[in-house]
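What follows are several structures.
Each of the two complexes below includes subunit A, the first together with subunit B, the second together with subunit C.
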Partner chain A sequence: MSASAEASTELLCIRHLTLRYGFGPTAVTAANDVSLSVKAGRITALVGESGSGKSAIALAAMGLLGSSGHVEQGEIRLNGIELQSLPPHKRKAFRGRDIAMVFQDPANALNPVLPIGRQLIETIRRHRPVGRTEARRIAVAQLKRAGLPNAESLLSKHAFQLSGGMCQRIMIALALVSGAKLLIADEPTTALDVSVQSQILRELRRVSREEDVGILLITHDLGVVAELAEDMYVMQAGRIVEYGDVYSVFDHPRHAYTRELLNSRL
Partner chain B sequence: MNGLIMPKNVPAYLGGFIVLGVLSVGLLAPLIAPSNPLDVHMTHRLAGPSMDYPLGTDHLGRCVLSRLIYGTRQSLFCALAVLVTVLAISVPVGVLSGYVGGTIDRFVMRIVDILLAFPSLILALAIAAMLGPGQAHLLLAFASVWWAGYARLIRGMVLQLKANDYVLAARASGSSHLRIAFDHVLRGAARPILVLASMEVGTIMLALAGLSFLGLGSQPPAPEWGVMLSDSRPYIQTVPNLMIFPGLAIALCVLGFNLLAEGLREQRRVAK
Partner chain C sequence: MKLLEAVELTKIYDGQKGGLFAKRNPRQSLPAVNSVSFELRQNETLGLVGESGCGKSTLARMLLRLEQPSAGRVRYRGTDITDWSFGRMREVRSRMQLVFQNSLSSFNPAFTVERIIAEPLRNAGIRNAAERRARILHTLESVGLGASHLGRLPAELSGGQQQRVGIARALVRKPEILILDEPFSSLDFGLRRQAMDLLDELKKSLGLSYLFITHDLSIVGRFCDRAIVMRHGGIVEELPYADSLEQATHAYTRMLLDSIPARHPRERKIDSRLSNPSF
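Right after this comes the complex of A and B.
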């Protein structure tokens, strides 16, 4: 798959996106004229310090900006379909089916009062016309594919019975269970131990390679970027200041802010 | 459920035992009452305890024990009916207000503010007086006042639950708002709501007995604890047991529910 990366299709394409929170004179611009693209089977990193607008872009792509955030201008295309002009119920249909997301704190991203299996099965049945037993079978297969041991018995467990790394791997499985080809990973390893981080990174690389999933990796950790990503965008105060493939940006950072970020590493 | 088996949780046990006892007394009233609670025996007025009338008779010669037993039905089932009505109003309103937010939330919460600004018992009294005396009216008056506090509390819980990442995660996987409101929000709030409800049964019983005492609830000759207390007022010095036994019944019942609620809360805390 990775060999054909050059020819791979563009899944997410954001053009000249400007996002604001709030209205009037107190409005805050979270993203200013941002353009980026994510291709199938490739991992694209969006890097920047906290508050630079990375997560706002992720939420805008999901259509989950909330009540005070809104898209001022620009377009967001998913598989070539312009999303901004769609009514909410049409956008909802894309979530989970075409575009999925994993979050920073896996322990809190799973409902503590529902067993893992129920959350997986509900998600599967939301997007596919299958019965309960068939959905269960798909869930087990998905967990096995993610390399989780005892997939069968995991289904009856609750989030608090599992480690953070387990939860995050389940989250990734859950996000992709409905066949989404674009995964937005918002700081997927920040809340985890270093030893567990590499597990998650391996899993992300696996889904990208084997399942041809395009990943938008949002992080402030350049180590993670170097480890995993192929392309990277550097964001500062709502603007993309630098972009390119990871090797060239790391070797020859052109923007002062990128150099600063690189120098700030241990 | 393991927590209930633990001998440590004495309040839950004791409360559950009392509540179960009171419930079964209410359900089995016709079987265990020694005589008809409405039968008047003018020859036995204000008699002390005897074989025929274990707790004596009231000013019309009615068996106090039988009236107490039948009164369980009135008091307990009325309180439960109020509770169910209150939950039926406050849960949807609270969830809607908290989950949707915005203008709806502000509107609903101002209504709640208005209701909470009055002492609820007095407001219930006014509504009950307006509708006229009667058990059903009392129930209605009560529920229409009592839901406000609950709605506010449930809204608060919903706001807190809504902010969880798993709600956003559910949205990201394409869940509808309705589904999230039920699966992720209401489910998380269910247990605290139940604990709170069990705590409130006692309070509601007490308040209902109070309103009946004032003549707004069940009407004589219906056997109801508040009415019995009210009837016994003239005899407080001469035949005090007329007043003592209904009072004890109310106290025991309220104690039972409070202990149960306390036990449940404790169990929740331990489980956490």
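Right after this comes the complex of A and C.
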């Protein structure tokens, strides 16, 4: 790792994390002794096939594992604060304010019955002490920064009136509107066309560069990793099997599974 | 040999602003497919490439006559089938089958694998259960599954197995043509490659022809013999050899090619285009 990378702030730090779903003999281990870190202004990829446990880690970091999933061991630090020991209402305060997430299917992630503007304004006002008019102004500014045309008129639109790419760009804007510096993007382009995919990738690159956001990019697509990421972790069956900066992993994959993934591309 | 032919196929959906009973305004009508002509030849894989909304699925549905064309003709082995009745189409439909993007959602979740693949045979009037079972088993084996899968429910199968069952269901009537509608996009890369190899193998052993619908040009080079690029309901470019994609000339095709992610971080395309605000 380069010296400059070490110098940048570590936003998310996961140490020896073991996650399990269910209890007793039927419990399933989703993550096994996983350690990873995400730094400000950098894009870190977490790569693996479906079922390898990548999304479980994202949900654990968000504190959204659900009732049957639980952290058995290890720690999750966000801006240096250990999250596991916090009571739920304190954890909730982090969500959206410090850590945000975008999902695979943007049209389903947005509320279908509320206009875009209301969802943005609601999120802003939840995290910042501003009035409706000011929140609206912030919302428009955020959409404009994301390069969305006609930001004003977008506010009154519903998710179903917009294309998938448009929805995903709004999701990214919505995720970052409250000032979160850590973004978890879980397969953000899998549901989208390739041409739209490149728009979303560019937008993710922009927020990492210009707004110094640290991104944990969860994907099974090594093309997306090659385009976007600086560092990558390769995950197989709940374990991290390889870690490094993308150049060295692509040039000299050490683990057989990584080589297999690289070879399975067309 | 022309197996399936589209002659100036057009589909216009009437613009219906203002509710069900509003007067239809022809000026609001938008052609989803606009005078498209092409042919599918024997034993070839023809790629039909375009972004979502470009009309490629509507076109495929018209070829199967699941959608009635507003204008133009569909010919199967030289015979015009555009106006054939539902009953007459049944015979032709057994020759053309569809494989869906998301197999799971195309299955009845309460049916076992055996029942799923038996449905097309029942529809064909094969009443003898033993005969049905023999054909189902034979087809399952040809896609790399076996008798142990017969009693499973779709939800008990992995994504790759679900896609294989989807292919088996399409194959059980012994078709000549498979219309593959984004068959790989719900699969991981490893599985995608396996599915592609399987389809290539079936094409050779069964003498099939494929119409392959996709938005991803990176697959076309590997999987297709020829390709057609569609945009806004029309054909913008025909690529006579899919393996020489790099020679494509139309700006839209170039844009699609440029959207394919790099194979290596050194070949990154995103950074260089970051300055371009008009995406």
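FYI, the second predicted complex is superposed on the first by the 260 of 266 C-alpha atoms of A that agree within 3 Å, B and C clash if a C-alpha of one lies under 4 Å from a C-alpha of the other, contacts with A are read in each partner's own complex, and residues count from 1 in each chain.
Here, a residue touches a chain if its C-beta (ideal position, glycine included) is under 8 Å from a C-beta of that chain, and two chains touch if they have at least 3 such contacts.
Because the structure is a prediction, the values reported are computed rather than measured.
When the two structures are aligned on the shared chain, A:250 is found in touch with subunit C, with no touch to subunit B. By the touch criterion stated above, A:105 is placed in contact with subunit B alone, subunit C being left untouched.
In the overlay built on the shared chain, the residue A:33 is in contact with neither subunit B nor subunit C.
In the superposed model, A:10 makes contact with neither subunit B nor subunit C. Shared-chain residue A:75: touches no atom of subunit B or subunit C. When the two structures are aligned on the shared chain, A:97 is found in touch with subunit B, with no touch to subunit C.
Of the two partner chains, subunit B is the only one that A:127 touches; subunit C does not reach it. Contact with neither subunit B nor subunit C is seen for A:211 once the two complexes are overlaid on the shared chain. Taken together, the two complexes place no residue of subunit A in contact with both subunit B and subunit C. Partner subunit A is touched in their complex by these residues of subunit C: 51-52, 159, 188-190, 192-193, 215-219, 221-222, 255-256, 258-271, 273-274, 277, 279.
The part of subunit B that touches subunit A in the complex is made up of residues 101-102, 164-166, 168-176, 179, 183-184, 187-188. Against subunit C, in their complex, subunit A makes its touches with residues 49-50, 147, 164, 193-199, 201-202, 205-206, 209, 220-224, 226-229, 246-247, 250, 260-261, 264-266. On the side of subunit A, the complex with subunit B involves touching residues 62, 64, 67, 92-97, 100-105, 108-114, 122-123, 126-127, 171, 174-175, 178.
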